[in-house]
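Below is the structure I would like to discuss, written out as structure tokens.
In this document, chain identifiers A, B, C, D, E and F correspond to the written order of the chains, with residue numbering beginning at 1 in each.
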Amino acid sequence: MSVSQGVMVVLRRDLHLAFRNRGDLINPLIFFMLVATLFPLGVGPDPDTLLVMGGGVIWVSALLANLLAMDSLFRSDFEDGSLEQLMLGPQPLWMIAMAKVISHWLVTGLPLTLLSPVLAIMFGLPVTALPAIVATLLLGTPLLSLIGAIGAGLTVGLRKGGILLSLLTLPLYIPVLIIGTGGIDAAVSEMVWSGHLMWQGVLLVLGVTFAPLAISASLRVSISG
Amino acid sequence: MSVSQGVMVVLRRDLHLAFRNRGDLINPLIFFMLVATLFPLGVGPDPDTLLVMGGGVIWVSALLANLLAMDSLFRSDFEDGSLEQLMLGPQPLWMIAMAKVISHWLVTGLPLTLLSPVLAIMFGLPVTALPAIVATLLLGTPLLSLIGAIGAGLTVGLRKGGILLSLLTLPLYIPVLIIGTGGIDAAVSEMVWSGHLMWQGVLLVLGVTFAPLAISASLRVSISG
Amino acid sequence: MKWTFFHRMSSPKWFYDFSGKCLPWVGVLALGCIATGLTWGLLFTPPDYLQGNSYRIIFLHVPSASLAMTVYVGLAITAGIGYIWKIKLADMAVSCLAPIGASFCALALITGSIWGKPTWGTWWVWDARLTSMLILLFLYLGLVALREAFDSKETASRACAILAMVGLVNIPIIKFSVDWWNTLHQGATIKMTERPSMALEMLVPLLVSIAGFYLFCLFVFLLRLRAEIISREQRTSWVRSLLGAKS
Amino acid sequence: MYFDSIYELLTMGGHGPYVWAAYGIGLSVLVWNLFTPIFQGRKTADAIRRNARREQLRHEQLQREGR
Amino acid sequence: MSQLPFLSVSGLTCERDERILFESLDFTLSVGEILQVSGPNGAGKTTLMRVIAGLSLDFRGQINWCNQPVEDDRPGFQSSLLYMGHQPGVKSTMTPEENLQWAMGLHRSLTREEIWGALEKVKLRGYEDVPCYQLSAGQNRRVALARLFLAKQKLWILDEPFTAIDKLGVAELEQTLVDHASSGGLVMMTTHHEMNVDYSGFRQLVLGEKQ
Amino acid sequence: MSQLPFLSVSGLTCERDERILFESLDFTLSVGEILQVSGPNGAGKTTLMRVIAGLSLDFRGQINWCNQPVEDDRPGFQSSLLYMGHQPGVKSTMTPEENLQWAMGLHRSLTREEIWGALEKVKLRGYEDVPCYQLSAGQNRRVALARLFLAKQKLWILDEPFTAIDKLGVAELEQTLVDHASSGGLVMMTTHHEMNVDYSGFRQLVLGEKQ
């Protein structure tokens, strides 16, 4: 049995589980919408302020939704012993980790990106900025998933995952956030935003190269600790 | 042994546990700071915008920090069987629930309130508004804990707590958020904000009256389900 | 005497039989009203002198918005009754009403924002009414998600009942605070039009369509509740004989 | 009918896309509401059949063991 | 209540997922008795225990404690009940001492000596202040079982208390149960071990016969 | 590798928390053998199993698989290892069928008939499509154990596999282990049950003697 086949098994299983309890699929989306709605309620309905805040709020909400769904990435597998089984399987651990990250992204990052135009419109962002929003999120959310998975791997063995995970990963998310919102701002003020996209691409390539190793190392530490 | 003594046992244990893994104490605080700092990063450093956003962002961050810590309120007790023990103990369940809510507030809401002036100053809010910020948070965060605990009780038996919990409770948090930020805004524009405070008080009284019953009912459903 | 009626009504079997008798009538009436109201509104009424043809959305928008709110109140009251008097049927009704209400709430939001584009020039404003509708949608979604998350239907409906009751206390508070929120800050740029003194030729189809939507809601609610009853009571002898007779 | 031609009915003086989109979505919501309970009923029937099969299998296994 | 306490169950029926686990179950448990509920996996032992303890409300029938329905006086029933389920309620970040202190603290105040004595009895002396996540599976179970030595409750409901306990430990535990019963207690338990007790009040209730 | 596979351990020392659990442990496990690691609670049985499986790296000493240190060829070692710990790795939202499909799917593709056959062997026919959270403790364990009937791996490391299994099930499982060993497998296991096997290759390793 080939290695990639084993990876496909993991990927299929995770997607299957997500579709099984459909909540997994929709809840991050609703959370995303909800957090974004909190801001107008907190800050006030003035359209000008909302326009300035829009891009930032969308990105911060995406980031938090991603983070919240991250906590359960390895936890349930750790608690019921599946993670040990995965680690002792014939596939290299980093491949399995990648499969899990991909399924996480397909379940949270991607739907969230697809929903973002709706939020953008609700914040009154110009239609011309929509491609920038979708593009930056499309390149940015996989990176968030990769970085978050490192933190999730490190904290999975700990009794208080959730909030410690955010501490570890939020600082690492900041560059992604800055570049992403920078791109949106550029698009809103009708400047070129391909530069930001390029930087995101570079970061993504870096992430895809190094994160799997870091994730598998952190999982190893958590299991053997 | 009197009933109140049993409640004290629970309260003491929870605080003890929180101080034991000191992370519980600091993590919500750091999360609060981190989320609040994400905004200037996402939105840009313009002082005027930040001033307008300040109160709202502080409240939204407090709310999210509260929510994130909420998920673990009953979860670990549920998973290791302690919740069953508490339910079968001689104290009424609603008292135990109250003890847990109080300890949750002491560990998250209170420190967060005490830290809020620092954030307010970072957002450039006027010093005259600081009392309003502290006062609204002081009355508002216990209410958040009470409402959140209902959701936590309902979701504790479920495999995917975290994000479902936010979905259930965030809409219910909205009035607290609106009144809280309303008070801060009034203070920033140097109007009277005692009316807001009064409303918060009314809500808090309502919450203290009804929430314990709802919490214990929801815990009962989760355990017997 | 009143109580015996109450009890009889709360027996799933009685309700199943009774609703079986009403069902066709409600269905025919609902589809008839909706078809009449919508085609009338879409094809036969003159355009509004201010908004042109876009106002035809009203025949969808107002019925669904009004239903969304009514259904939540009904749902929460049912939950309260079910919880206090421990009526199983009421718990079932709560979990059946949630998805229906959610769908109409979403429809009100969607039609509203589609209507907003040609009339206000924007899809969305953070107006009090719109925002509270959005929050209502979240409340509905919370109920639906909670119901989906539980494995056992009994537990799910009990949990939903608790959440719905909490929501009942909160609905007026949310409504009040959102209204207040928007008037405290600078007023919204655009206010939703108050009910215009509507021409009769528009009002009648609107009323027909509203009636149709309410009947339709009742119809699908009965359908759902009956399916739920069957699935919950499948062990009882009356369901067995019912299914046996069918297949 | 108020409209003179099909074309006018479709465009509605520029508001056509909005109105038709709204009605389309409205119709699909109605249809969704109509069909989910029906599917749910079918699923329940399936589950009941499955349960019967399970009971039967369990019975068979017990009989086999009994012998 | 001068009368000796006893538990009586009548007409207890429970169905799970369209399958009847037990039907019209009747039994009485009086002072001095140990009742072992046995049966194959999935027979419904755990379900029965949870129903009697009041953790599960999904049943029909009547459960009486001292001739009074338990619903009528839950607090009274609960104050004489010690329940231990599959999950023993041991907090892994606390030490055995703290765990005991807290678990029994709901019922009464304890001195340190009492706690240490109980830990001694389950062979955990020397581990009083080691956090429980550093203990082995069996040691964790023992922390929970130490409660038995501190309990003043009459009725013990124990669901597979011997899980993960070594042979010597099982023998000692059986003795503890006999001691409790013979000094006026009631024990209801499940286990897949062969019980090795020579005690007149020991009875068995077999579930899932029909299967 | 024409040679028969075997596991040899030499000079294995493990200390936890300043306490030596085992020191200079030497043993060999060859084809056809069943090794029961026994000892009181906290003796270090689980620790030993995890060390050998490669889950814990906190040890000194040498572990060889076919005369080759396991570090040199982890993938090779892992592909002939079936490990089952205290937590059996059963996803509670999936059905038994899906659980097996996935757990073995990492190693090889399975047909539906194979899976159903394995579930039949652990008495779970009729439960193939019930989500596992609806199963009892013992039935959940059985889902995990069904893997044994599908495994092509040689070396089985099982940590208390009999937990929560009823008496009949334990007897059948013992037979399964004997069958595996006698058809060229290696078994290393712990349990607090009295093993009731009459098999020439059955051996015991007692830990925690000094205690």
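What we mean here is this: contacts are C-beta pairs under 8 Å (C-beta built on N, C-alpha and C of every residue); 3 or more make two chains touch, one makes a residue touch a chain.
Being a predicted model, the structure only gives us computed values, none of them experimental.
Between chain A and chain D, the least number of touching-chain steps is 2.
Shared numbers divided by all numbers used gives the overlap of an interface; between chain E and chain F this overlap exceeds half, so the copies present the same residues.
A separation of 41 Å divides the Cα centre of chain B from that of chain D.
Rounded to whole angstrom units, the spacing between the C-alpha centres of chain D and chain E is 49. Between the Cα centres of chain C and chain F there is a gap of 55 Å.
Averaging Cα coordinates per chain places chain B and chain F 46 Å apart. The set of chain C residues touching two or more other chains comprises 135, 138, 141, 145, 149, 154, 178, 181, 185, 234. Each of the following residues of chain A touches two or more other chains: 21, 23, 27, 30, 34, 41, 44, 46, 76, 159. Each of residues 18, 58, 86, 92-93 in chain E touches at least two other chains. Residues of chain C that touch chain D in their complex: 34, 38, 42-47, 52-54, 56-57, 60-61, 64, 99-100, 103-104, 106-107, 110-111, 114-115, 117-118, 216, 220, 223-224, 226-228, 230-231, 234, 243.
Residues 1, 5-6, 9-10, 13, 16-17, 20-21, 76, 79-82, 84-92, 223-224 of chain A are the ones that touch chain F when the two sit in their complex. Every residue of chain D that touches chain C in the complex is listed here, in rising order: 1-3, 9, 12-16, 18-19, 21-23, 25-26, 29-30, 32-34, 36-38, 40-41, 44-45, 47-48, 51. Only residues 21, 23-24, 27-28, 30-31, 34-35, 38-39, 41-44, 46, 49, 52-53, 55-57, 59-60, 63-65, 68-69, 71-72, 76, 159-160, 162-164, 166-167, 170-171, 174, 177-178, 181, 185 of chain A touch chain B when the two sit together in their complex.
Interface residues of chain D facing chain F in the complex, by the touch rule stated above, are 50, 53-55, 57-58, 61.
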